[in-house]
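The structure is given below, and queries will be raised subsequently.
Chain nomenclature is as follows: A, B and C, assigned in order of appearance, with residue numbering initiated at 1 for each chain independently.
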Amino acid sequence: MTTLLWILPLVPVAFGLAMLGVRDRRLFHALDLASASATGVLVVIVARTVMRDGSLRAAGVFAADAVTVVFLGLIALLGLATAIYTIGWMRREVAGGDIEERRLPAYFALVQAFLATMLVTVLADNLGVLWIAMEGTTITSALLVGFRRDRYGLEAAWKYIIVTTIGISFGLFGTVLVYAATAHALGGAAAGAMNFTTIAAMAHRLDPGIVRIGFIFVIVGYGTKAGLAPMHMWLPDAHSQAPSPVSALLSGALIKCALFGIIRFHTIARGACGPAFSGRLLLLFGLVSVVVATPFILTQRDLKRLLGYHSVEHVGIVALGLGIGGPVGTYAAFLHVLNHGVTKALVFFVAGDALGRYGSRDMGRIRGFLRAAPFAGTFLMLGAFSLAGTPPFSIFVSELLVLRAGIAAGRYVTVAIFLAMVVVIFAGLIHHAGKMAFGEPDEAVRRGGEAPSGVLAMGLLAAVMLLLGLTVPPGLDRILTRAAEVTLGS
Amino acid sequence: MGRATPWALALGQMALLVLLGPLVTGVIQKLKARLQCRRGAGILQPYRDLTKLLRKGTVQADTAGSFFRAVPVLVLASTCAAAALVPVLFAPPAAGSASPLPLGDAILLLGWLALGRFLTAVGALDAGGAFGGMGASREMTVATLVEPVLMLVVFSVSVVAGTTDLGAIAGHLSLRRGSFGAPDILALFAMLVLLLAETGRIPVDNPDTHLELTMLHEGMLLEHSGPGLFCLVLAHHTKQIVVMALVQALFLPWIPASTAPFALALGLGAFAARTLVLAIFLALVESSYAKLRFFRLPQFLGIGFLSAFLAVALRLL
Amino acid sequence: MSPELATRLIDALGALLLFTMILILAAGQLYRAIYAVAAQSVLIALAGAVLGATTHNLDLWIVAGITLLVKAIALPWLLLRVIRRVGIRREIEPVVPITATLAIAGGIVVLAFHLSSSLGAVRQAITGNALPVGIALTLMGVLVMMSRREALTQMVGLFASENGIFFTAMAVSQGMPLIIEIGVVLDVILGALVMGVMVLRVRSSVDADIAELDRLRG
């Protein structure tokens, strides 16, 4: 079973390498789908094993527990949806001349490499491997962000790679400090002194002072990559300039991988310095993110930038959940990771369609989207309502849980600020979405002709979104509960 | 082995520094010439220049007052006073009581140097020439950047020795030679940056030029002539060797603690060797860098400032 | 080599590293900053050798060798090559005045030393003053990246920052596991290559320096 953990990230790598030699577009999509399906199957097997045995380990490099499974599932689901969506999207891009046919192998191979690095990130047991993989995601995705090679794309890519690389170096420093604490506690560099499972098991023996400094470095470092304010400066640029399927992966999966890193260190810090310290920091960053994102969401004109800022807000909500802590808050944080990932990817797919139809990301010029594209328009409205936190969609559930945990923990001020911001964002978002969806589109705008693959991908995500809003399936519930337990170190 | 520094020795050290000052300049010029593949003038050229100046008459600007005449002598006197304060051949062992005649206090030394600088600038202003005024204003700007750093460097070392008495510092450091810690390294680097500024060498000032846009020190000397100029030039040579001796006293303190003739000769030899090393450093820097624009200077001296600041901070933390 | 001697050497190397960092911060010209960061990497390699000789750990020698080859030779060479290819302006024009940057840097170092002196017995896990110097170098590298606009200066800051991390990492009891260090170096190389390619691409397809790209706002 442990070899499974090695095979899992190798699947996208193998398919990616195979794609480099392909010339036929249909074959690309076939390989893309095959890779996503294979990954999905493996993830399901891993999930079942983990839920049966508690955890899976491979040679001190990789390990899987319930937390891993949550993130693995998200990456696999979004990988599959993106693979489906890319079929129709790519046909239009190539036809429109936005992407040259000869650069297709590079695109598909990079996406596979990006997925592989994300899988390694969440599978890593060794915190050094975690860091290396995280930097790997930066390198691969930076190339994708700048894939269009125009002025804006390159600017966004440069900002992205510089800012996140700075951040990530902080993360490495934090890792080194935690390693120093562990080596000290073990009385020398023993095997496994960098492994999360070892460190978490002996977290109470670590020196609190150095772990505290280390956690500050980590939350600033990986927080940069996760898009926590005020280190979020790269995020709206990269999300808006990347090709739409990549935007979906960035927002849906990548920033969650960075959260995964923070969660690992959160567990260690809880063990070493008690629950108050890291929780309070997460609460602070979460609140700042929610507050900072709000005005930008209200005044935004660019559709994809709007979604980018919205990701900042939602990462903030996850951090709030983790910061409030307790079984409920942590459970809510994990649920929110899934909900936001799915919903945001859906809306980025819609945005990709709108971008192709209207030739602009300016929300002032997108009118009558429901007329022009009935399916995508419907999904836009569904997604917007879900993102804004309306029942019966999934985000409502996780936000409500965060609120409940906050009230139960007696953090009334935090809850009040959070509520106020959510209400304001609700109004702003529905306003934006309504203006785009209703009305009569211009004559020049292409009507109908929605790619079946695109509708299928959006439908898949929308179904998950709705399902999670109505009920959390028992299997998933067990995984999330277990993930919260692992995070809280019990 | 006497605790006190005899007056004679202090005066002898001063005379030695004043006499050797032009020689050091000559050596640096020769080294520079060699580095630039020139033959260059002999190392005794500064002495020839000085004697030439002594033979010449004085011409004074109409606008200059009588104070102008006194300036060169005062400058030379203050610089010589500074020269008397640095330990060169002999450093009293720091153990126990202070010596009856303190060899010299570092702050006093800096004060004498600052006084010399101030008098030079005032003299340049008194002459009423445009270049003199410009030189003076620039020199004082540099001074505001240099002097605090010099203070910091001295402090960083005196924190260890527990005194600002240069003789005691050098003696104290001589005892624990070899333990050259992180703050010492940073302070030494700061001091090397200052050495360039204090001796008026290339990234800061250009000693070889009378081009109006670049000169600092030379600008202030333009109106002087004859014996007056002799005093100022000699003072500049002396200041250079005094600063070099200060670097050695603070950071390379292998100074004998005895007044026996043999020890004194050893001290002289060591002093010559260390001075030669510093001269080579100056010549190398001068040959490989271009003069900085004036408004870039704060940035260059900032390196010195930050290094000195960190040296003090590392000592205290 | 005795541990006491190693501690003293690491302290001295730490001071030299801080000085090279000051040179990078104050550099008015790009190639000087590059030489300074190369010198810094040589010092890091030396630190690796010192620690390797003390702990008789072959891994540290390997890391020192890799650092020397990659960070002291290959990456500076890459940067100088990009300068020549692109013909970038060589004068550094900071967003924040250099003197102000230097003042902030002073604060950073004091903070780093203060932080590490607040730690207890765990400080013994890291040789000499490698912890505060490492923190200071990392933060000052970030300072360089934030206060400059030129792409290559930002890369210099990044390398300096990573040097700080390496310094601390090598000084942690026996150093980090070799495979991790190698992985980190590989990431650094890859990142530098991607950044180098981007600089060239911006020049060729947009005909601008990256510093001139500032349209994405709000």
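We adopt the following convention: contacts are C-beta pairs under 8 Å (C-beta built on N, C-alpha and C of every residue); 3 or more make two chains touch, one makes a residue touch a chain.
Not measured: the values here are computed from a predicted model.
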Legend entry - Centrality ranking, top chain (CA atoms only): C
Inset, instruction - Please name the chain that ends up farthest from chain C once chain centres are defined by their CA atoms averaged. - result: B
Inset, instruction - Tell me, please, which two chains come out on top when C-beta pairs in contact are counted per chain pair. - result: A-C
Legend entry - Whole-Å separation of chain centres (CA-atom averages), chain A against chain B: 63
Inset, instruction - Quick one: report the Å distance separating chain B from chain C, using the average Cα coordinate of each chain. - result: 35
Legend entry - Computed distance of Cα centres, chain C from chain A, in Å: 30
Legend entry - Contacting residues of chain A [partner chain C, same complex]: 126, 128-129, 131-132, 135-136, 138-139, 142-143, 146, 149-152, 154-159, 161-162, 165-166, 169-170, 172-173, 176-177, 179-181, 183-184, 188-189, 194, 207, 209-210, 213, 236-237, 240-241, 296, 299-300, 305
Legend entry - chain A-facing residues of chain C, complex: 115, 118-122, 124-126, 131, 134-135, 138, 141-142, 145-146, 151, 154, 158, 161-162, 164-165, 168-169, 172-177, 179-180, 183-184, 186-187, 190-191, 194-195, 198, 201-202, 205-206, 208, 210, 213-216, 218
Legend entry - Of chain C, residues touching chain B in the complex: 8, 11-12, 14-16, 18-19, 22-23, 25-26, 28, 98-99, 102, 105-106, 109-110, 113-114, 117, 129
Legend entry - Sites on chain B touched by chain C in the complex: 179-186, 189, 292, 296, 298-300, 302-303, 305-307, 309-310, 313-314, 317
